[in-house]
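Encoded as C-alpha cells, the structure appears first; notes follow it.
Per-chain residue numbering starts at 1, and chain names A, B, C, D and E are given in the order in which the chains are listed.
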Amino acid sequence: GCANQTAGTLSQEKTPKQTEITFLDQNDRKVTVKAPVKRIVVLQHHSLDILAMLGAQDQVVGVVSKWDSLLGKYITDVFPGIEALPTPGSLEDCNVEEVAKLNPDLVIVAAQFKKEYIQQLENLGIPVMTVTLRGEGKQKEAQNPELANADVAYTRGCEWAVRKLGEVTGKTDKAVKIWDFAVANRTYVEDQLKNMSGDQKVRVFIANENNMTYGSDKYVGCQLERAGAVNVAAAEIKGYKEVSFEKVAQWNPDVIVVQDRYKSVYDSILADAKWQDIKAVRENRVILAPYWTKPWGNPGPDSIALGELWLAYQFYPDQIKRDIVEVKAKEFYKEIYGINFTGTI
Amino acid sequence: MDKKVGNITLGVVLILLPVVLFIASLMLGPYPIGPFDVVKIVLDNFLGTGYVDNPLAENMIWKVRMPRILGAVLVGAALSVAGAVFQGLFRNPLASPYTLGVSNGAGFGAALAILLSSGAGLNVFFVQLSALAFGLISIGITFLLAAKARRSTVTLVLSGMLVGALFSSLVALIKYVADPYEQLPQIVFWLMGTLSGVTYEKLAMILPLYLPAMTVIFLMRWRINILSMGDQEARSYGVDVKKNRTVVILACSVLTALVVSLAGVIGWVGIVIPHLARIIAGHDFRKLVPVSLSLGICYVLLIDDICRNVTAAEIPLGVVTGIIGTPVFIYFIYKGKVRWE
Amino acid sequence: MDKKVGNITLGVVLILLPVVLFIASLMLGPYPIGPFDVVKIVLDNFLGTGYVDNPLAENMIWKVRMPRILGAVLVGAALSVAGAVFQGLFRNPLASPYTLGVSNGAGFGAALAILLSSGAGLNVFFVQLSALAFGLISIGITFLLAAKARRSTVTLVLSGMLVGALFSSLVALIKYVADPYEQLPQIVFWLMGTLSGVTYEKLAMILPLYLPAMTVIFLMRWRINILSMGDQEARSYGVDVKKNRTVVILACSVLTALVVSLAGVIGWVGIVIPHLARIIAGHDFRKLVPVSLSLGICYVLLIDDICRNVTAAEIPLGVVTGIIGTPVFIYFIYKGKVRWE
Amino acid sequence: MGMKLEVRNLTFSYDGSRKIFEDISFQYHSPRVFCILGPNGTGKSTLLRCMINELRAQSGSVFINDAQAGAYNARELARIIAYIPQNHYPAFPFPVLDIVMMGRISRMGYLANPGKMERKIAMEKLEFLQIGHLKDKPYTDISGGERQLVMLASALAQEPDLLILDEPTAHLDFGNQYRFIQLVKRLAANGTGVLMTTHFPDHPLELNSLTAILKDGKMIGIGNSEELLTDRNLTDLYNIRVSVESVGRKRICVPGGFHEECI
Amino acid sequence: MGMKLEVRNLTFSYDGSRKIFEDISFQYHSPRVFCILGPNGTGKSTLLRCMINELRAQSGSVFINDAQAGAYNARELARIIAYIPQNHYPAFPFPVLDIVMMGRISRMGYLANPGKMERKIAMEKLEFLQIGHLKDKPYTDISGGERQLVMLASALAQEPDLLILDEPTAHLDFGNQYRFIQLVKRLAANGTGVLMTTHFPDHPLELNSLTAILKDGKMIGIGNSEELLTDRNLTDLYNIRVSVESVGRKRICVPGGFHEECI
C-alpha cells in the first residue's frame, strides 16, 4: 500500500510553474532540477541558513542532523518548526532510504559528503546539489596559500550559493537583495579602512579549543584581512592547525579573537598566568566574537555583511562606529530574516 | 542428544541462518516496501514478469539494498575467516586480519587518494584501487622485511605490526595536511568503515581476487591445521612451511585488503567472531573456517540491519559492532567456554 | 670488548641519555631563549639570584616547557615499562599497555566528560579524572570477568580485549551523539594523544598513584621473571601467581590509565620500545624494566622535541612516533636481532 | 624433623565422569625414598599434581604435616615441597643460573632481587650436579638431559623437605641416571625426602624404597620394594614377562623373561 | 627398497664458535636398526636434526639415497624419513586421531582433506600400538607416555623408509619399552629402517643393531653392538663403572658394577 502511494506522489505532475533548469554545482557536477523546487532536503548548514534568509523554510522537508550545534540557537528563531523536521543525514553521509522516504525534489549536500551517496541518490532519481561556498578558483589555487585568491574564491562561492539557492527556490529577488546588502557593507568597510598602511594593521591571533588556530586558507582569514587586520598565523600555517604557546609568544599578537562558542578558551586565556605577558592580554584586547558575526571556515552572507564590519569596529573603533554596526545588524535581521536582532555588539 | 545428530543440526543451522538473514535484510529498510513487494520485485528480475509496480521501490531493492547486503556478506566472510586463520597460524589469540598492517596500508592508500583528488574530481574507484594497492604493498613490505630477517612466524608478525605502525603514522600525516573541512572528514569517515558506499561496480572490482583467495583458504584447511602445529612439526610432516604459510597468509591478506578497500576498516568482526567460532568448532580448521564464515556473515548482516534501520541517520558500524557483540562474548567467557591453550 | 665493561658502559649511557635529552629539551623551542639564559633561569629558581631577565622567557621555561617535558618523561617511562611487562607476562609479542582495554576505558571516560560538560564549563581536571576513573573501571571489569571464568592469563587477555572493544564502541557512540563543532573535535583531539596540554596541576594529579605503581613494578622485577615462566612453574616455585600477577597487572594498568588520562592515547611507544629494549637487555626483567624505562623516556622526549620544533604548527605525536621509530626498528629486524622465542 | 604426607581416600577425575583413580590412601614420612610405579596413563602424574595442590581432587584429601594441602599458600608449600613436572615447556631464554636462582624465591624477601648469596647457592647446586659450565647458557638452548639436570638443580636450590619428581631420569644418560640414584640416597641420608615416579623397577630396588604400584585407577600395592617387586607382580603390572634377577649384590629386572615374545 | 643415508665429514656449531661435533662420517643402509649412544649434551639430537636438514651443518654434508639432503623438498623427504623430536610442545588440542592423520599429508593431494582411507590407516596405527581408546582425546590432555606413543603412531602413518627417533622410549613404561623394542625389530624385518638415540645400552644389545658412540664431539666408535658395547667402552663413555652381564640369552648392562660408588 505504502509503496504504491509513494510512487503515486512521485509520478504526479506538479504545478505548471515549474521549469527544468540545468547547471553545474560547486563540485562541477551537472544538476537538473525542476525549479522552483517544492521539497528540499538540506544536508549543508550554510545552505540551511541561506534558505532561511531567502524565506524558503516551507520548502525544506529534511535537514542535516545536529543543525542546532552546527548553526547555533538563533536558527530556531529564523526557522520556526525546524525541530520537527526529520534529519536523514549529516555533512558526510545520509541514510538513502530515509531521504527517499521524504520524496525530495532536491538534496543539498556539503563538500565532504560522500560521493557514493550522491551516486545512490541519483540512481533513485533524486537530484543532488553540492554547496561548498567556494568558487571554482578554489581548486586551482588549493595549494597556494595567498589570501587574495582565497578571498576571491570565498566571495564568488558565497555569491553563487546565495543566487543559485534563490533560483532553485524561486526567490531570485530576495537573493539579489541579500547579496547586495553583503556587498554594500563590505564596500563600506573597505572605504573606511582604505587609507591604512600595512604597519598600522593590528596583528590578530585566533584562538580555538585545543590550541588550534586558523591559518591561511580559511574564510576567517579573509574576514580578518577584510577587517583590516593581519592574521599572525597566516604566514606560517595553512588551514586549521595546533600551535604551541611558544609560537604565540613569538608572534606576540595585538589582539586575540575567540568565538563565543569557545568561551572556556577565552576564560582560560584571561586566567592562565603564562598568557599574561602576551601583548593582547596585557592590553586587554582579547575579544569574544558573537554568533551573528560567524567567523567560520566558510562564509555566509551575514559573515560578509556583519562579521567583517564587527571585526573592523573591534580593531578600529575610530574608523568604524558602534552605531553603524548596530544599525546594520538590526537592518539585516529585520530585512533578511524578518525578525528582531537580539544579539549584543 | 547424539553428538553426530548435534553436529548435523548445527551444520544445517549454520548454512540456513545466513540465507535467512540475507532475505530478511532485503526486506528491511526505512523506505517502506512490503515483504511481498520485495519478493515480487526480486522474482520480476529473474522471471521477467514485466510487472513493475513502483520503479523507486525496485531501484531501492536492486541499487541500494542488494549491493550493500552483498557487501556485508563479503566483508563478514573475509574478516572472520582471515581472523580465524591468523589466530591459529600465529598461535596468538590477539591476532586479527589487521595484525599484519594490511588495514593501515589500505587506509593509507585511501587517504592518499582522497588527498590527491581535488574535491570535484574525487573518484571512488581511484580511492578503492589505491586502498587495495597499498594494502597489498604493505603485505609485500612485511614479507620482504621478514624474509631478510629470520623467517619465523614471530618475525613476520612483528614486521607486520611495524609496517602497520608506519602506515598508520603516514595516515596521521595525511590527516594533518588534509583540508580539515572537505578531505579530513572523508578520510576519517572512510577509515571508520561503512557498508553504505558499496555499489555493484565496487563489488565487481573485488570479486576476481576475492573468490580465488577464499577458495584457496577453503581448500587448504587441513594444511592450516598442520601449519598451526608449529614450523618444525609441519616441516617434518612434509609440509613446505615457508611456501604454504606464505600462500595462506597472502590469501588472507588479499581478502582483508579487498574488503577494507570496499568498506573501510571495520573492527571487531575479525577478532571476536573467530573466538566465538572456536567455541563452537574447536581448533580444527576444517570446521573452524566454515563456522567462522557463517557466523561472520550473519554477524555483519545483523549489525548492518541495525545500522540502517534503527534511527533516521545511519548509526556508524563501529558503534553497533561492539555493543551488540560484547554481551554474547561476555556470556561465553563467563561460561568458561573460551579456551585457548 | 669485555662483556662486563660493555654492560657498565651501556648502563652509564642508559642513565645519562635521558638526562642529557631532558636538559636539551628545555633549551629547544620555537620561542628563542639561548642555552645560557635557560641555565640562568633554571639556576635562578633554585638559588633565588633574583636575576630575572625576561619574564616571558621565564614563564616559557617554567610554565610551558617544564611541565610538558616532565609529562613526556612520565608518559615514556610508563608506557614502555607497562608494555615490556605485559609482553613478558602474557608471553605475547603483540601485547601492549593498551591490550587490556585501559586506553579505551580512559578514552571513554574522557569522551563522556567532554560530552557532559557544556562548552563553557569544560573542566580539564574533570576530564582527566573521568578518564582515570574509567580506565580503572575497565580494568576492574576485566578482572571480574576473568575471575568468573577460568583464571588463566589467556582468559584475562581476552577479557581485556573484549572490555576494550566494548568501550571503544561506546566511544564511537559518544562521538556519534556529540556536538560536531565543539565536542567532537575535543574528543578526537584528546584520543589522538598530545603532550601540549600537560600542566603542573595535571602532573600533580597523577603522581600520587604513579610513583607507587612504578616502584612496585621496579621492586617486583625478579618476581615478574618467575611469573613469565608460566603459571604452574611459578606456583611450584612458591609464588602466589594470582596475587602477584594481579598486583603487577594492576600496577601496569594504573600507570597506563594515569598517563592516558594525562596525555591521551599515544601509540607505538608501548609496543615497539619494549621490543627494542628486549634486544638490548634480553628477557630478564631485572634489566628489561630499567632499559625500557630509559629508552621510553628518551624516545618520547625526542619525539616531542620534533613535534614542538620542526614546524610552526605542532605536528601530532602520532605522525612522528611511527615515522621516526620505524627505521630504527626495521634496522634491528633486518639484522635479525629481534628474537622472541 | 622430617615431614609427613598423607593421602586419604583420594578420588580424581578430569572431566567429572571418568575417574583417573579412586579412593587412594597412604601415609608417607620423609626422608625415606618413595617410588611410584605404574603403566603409562595410569595417573601417576595426576596423583603428584593432586599432592602439590595443583589439581583439586573430587573427593578425599591430602594432608601435609597434618594440615590440609589447600591450607598452605604457595610460598609455604614451596618451602616444604619442590616439584618437577614430567614435561616443562620453556618460555623465555633465561640463563641456566637464573633458572636455578628462581628456586630461591620462596626463601627471599617479597620484593628482594637475588643477590650474592642466592648466586652462590645456585652455583653450588650446578657444580654439585656437574653442570656448572652451563650457567650462562640460555636454558632453552641446552639438551634434554641437561635441562632435566637444571630443573633438578633449581628444585635443590629450593632446599625443601621433600622433592616430588615426575620421571626425573627420563632424559638422563646411563651415567647420570646412576648418579641421580646415588644422589637420591644421599639426600635421604641427609634428611631430604624424595617422592618420585619412575618406569624402572630397578630404581626402587636399588634405593630399597617405599614403593607403590598404581594400576587401573587403584593403588594395588604399597610396601618395601624388595617384597613388592616380584616377578609375578611386575608381570601383572606391565603385561609382559618380567623376571627379577640377582647380579652380584644387585637385583635387576629383566623384561620379556629369557625368551623372545611377540608384541 | 631400503635406503641409504650417508654423513660425510659433518661439523656443526650453533654459535659459529663452539663445535658441537666435528668431522663425523658414517654410512647407513636401511632397514638395519641403528642406535646412537652418548652422554647428555653430547650432540645426539643435534646430529639427528642435521640429518633431516632442520639444522645446517657448518661443513660436510648429508646424503640421502646419494642426493644431498638439502636437495629434497619437505614433501619428498617426509616420504622417506619420519622424525620424532625428543621434546614436542603441543599447540592446539587436536584429537589424537587427527594428529596421527597428519602423518599422511605427504601422501595426500595438495589440496585434499583426509578421508576414509586416512582415517583407516591412522586407526590401524593406533590399534597397533594399543592406544585406540585415545583416538578422540585432545592430544594435549594425555599422559607423557601416551603422547610418545601417539607421536610414534603419527610417524608410522607416514609410512617412511626410515624412522629417525630421538629417545623414543623416554616416557614409556617398562612394558611399553619392551614392546617398542619388539616393534623396532619387526619394522626392520619388514623393511623399515629405524635410527634412534637412546640412553640404554641394553637397547642396541637387544636389537643387535649397528651402534655408534658419540662423545666429546667425536664419533668414537661405530660397529655391531655386541662388539662395541664392552664393559670398558661403556665405563669410558658414562664415567661410571659398567659391566655387561649375561642373563640367560640376554645381555644386560649393570651400572656401578657390583659395588656402591660415590657420585
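The definition used in the following text is that contacts are C-beta pairs under 8 Å (C-beta built on N, C-alpha and C of every residue); 3 or more make two chains touch, one makes a residue touch a chain.
Values in this document were obtained by computation on a predicted structure and should not be read as measured data.
The fewest steps needed to get from chain C to chain D, moving only between touching chains, is 1.
Listed by label, the chains touching chain C and chain E alike are B, D.
The greater number of contacting C-beta pairs, out of the two interfaces A-B and A-C, is seen for A-B. Distance from the centre of chain C peaks at E, each centre being the average of the chain's Cα atoms. Centroid analysis (C-alpha atoms only) places D farthest from chain B.
The geometric centre of chain B is 32 Å away from that of chain C, both derived from CA atoms.
Between the CA-based centres of chain A and chain C the separation comes to 41 Å, rounded to the whole angstrom. Chain E has its Cα centroid 26 Å from the Cα centroid of chain D. A separation of 82 Å divides the Cα centre of chain A from that of chain E. Within chain E, the positions touching two or more other chains are listed as 89. In chain B, the residues touching two or more other chains are 176, 339, 341. Along chain A, residues 90-91, 241 each make contact with two or more other chains. This structure has the following touching chain pairs: A-B, A-C, B-C, B-E, C-D, D-E.
On the side of chain B, the complex with chain E involves touching residues 88, 91, 219-223, 225-226, 228-230, 232-233, 235-241, 282-284, 286, 339, 341.
Touching chain B in their complex are the following residues of chain C: 92-95, 99, 145-146, 148-150, 152, 154-155, 157-159, 161-162, 165-170, 172-173, 176, 188, 192, 267-268, 271-272, 275, 315-316, 318-323, 325-326, 329-330, 333-336, 338-341. Remark: chain E residues 14, 38-42, 44-45, 86-87, 89, 141-146, 149, 167, 170-179, 182-183, 186, 199-201, 234, 237-240, 242, 245, 247-250, 252-263 touch chain D in the complex. By the touch criterion given at the top, residues 29-32, 55-56, 59-60, 63-65, 119-122, 179-182, 185-186, 189, 194, 196-197, 308, 311-314, 316 of chain C touch chain A in their complex. Those residues of chain A lying in contact with chain C across their complex are 66, 69-70, 90-91, 209-212, 215, 233, 236-237, 241-247, 249-250, 261-264, 267, 273-274, 277.
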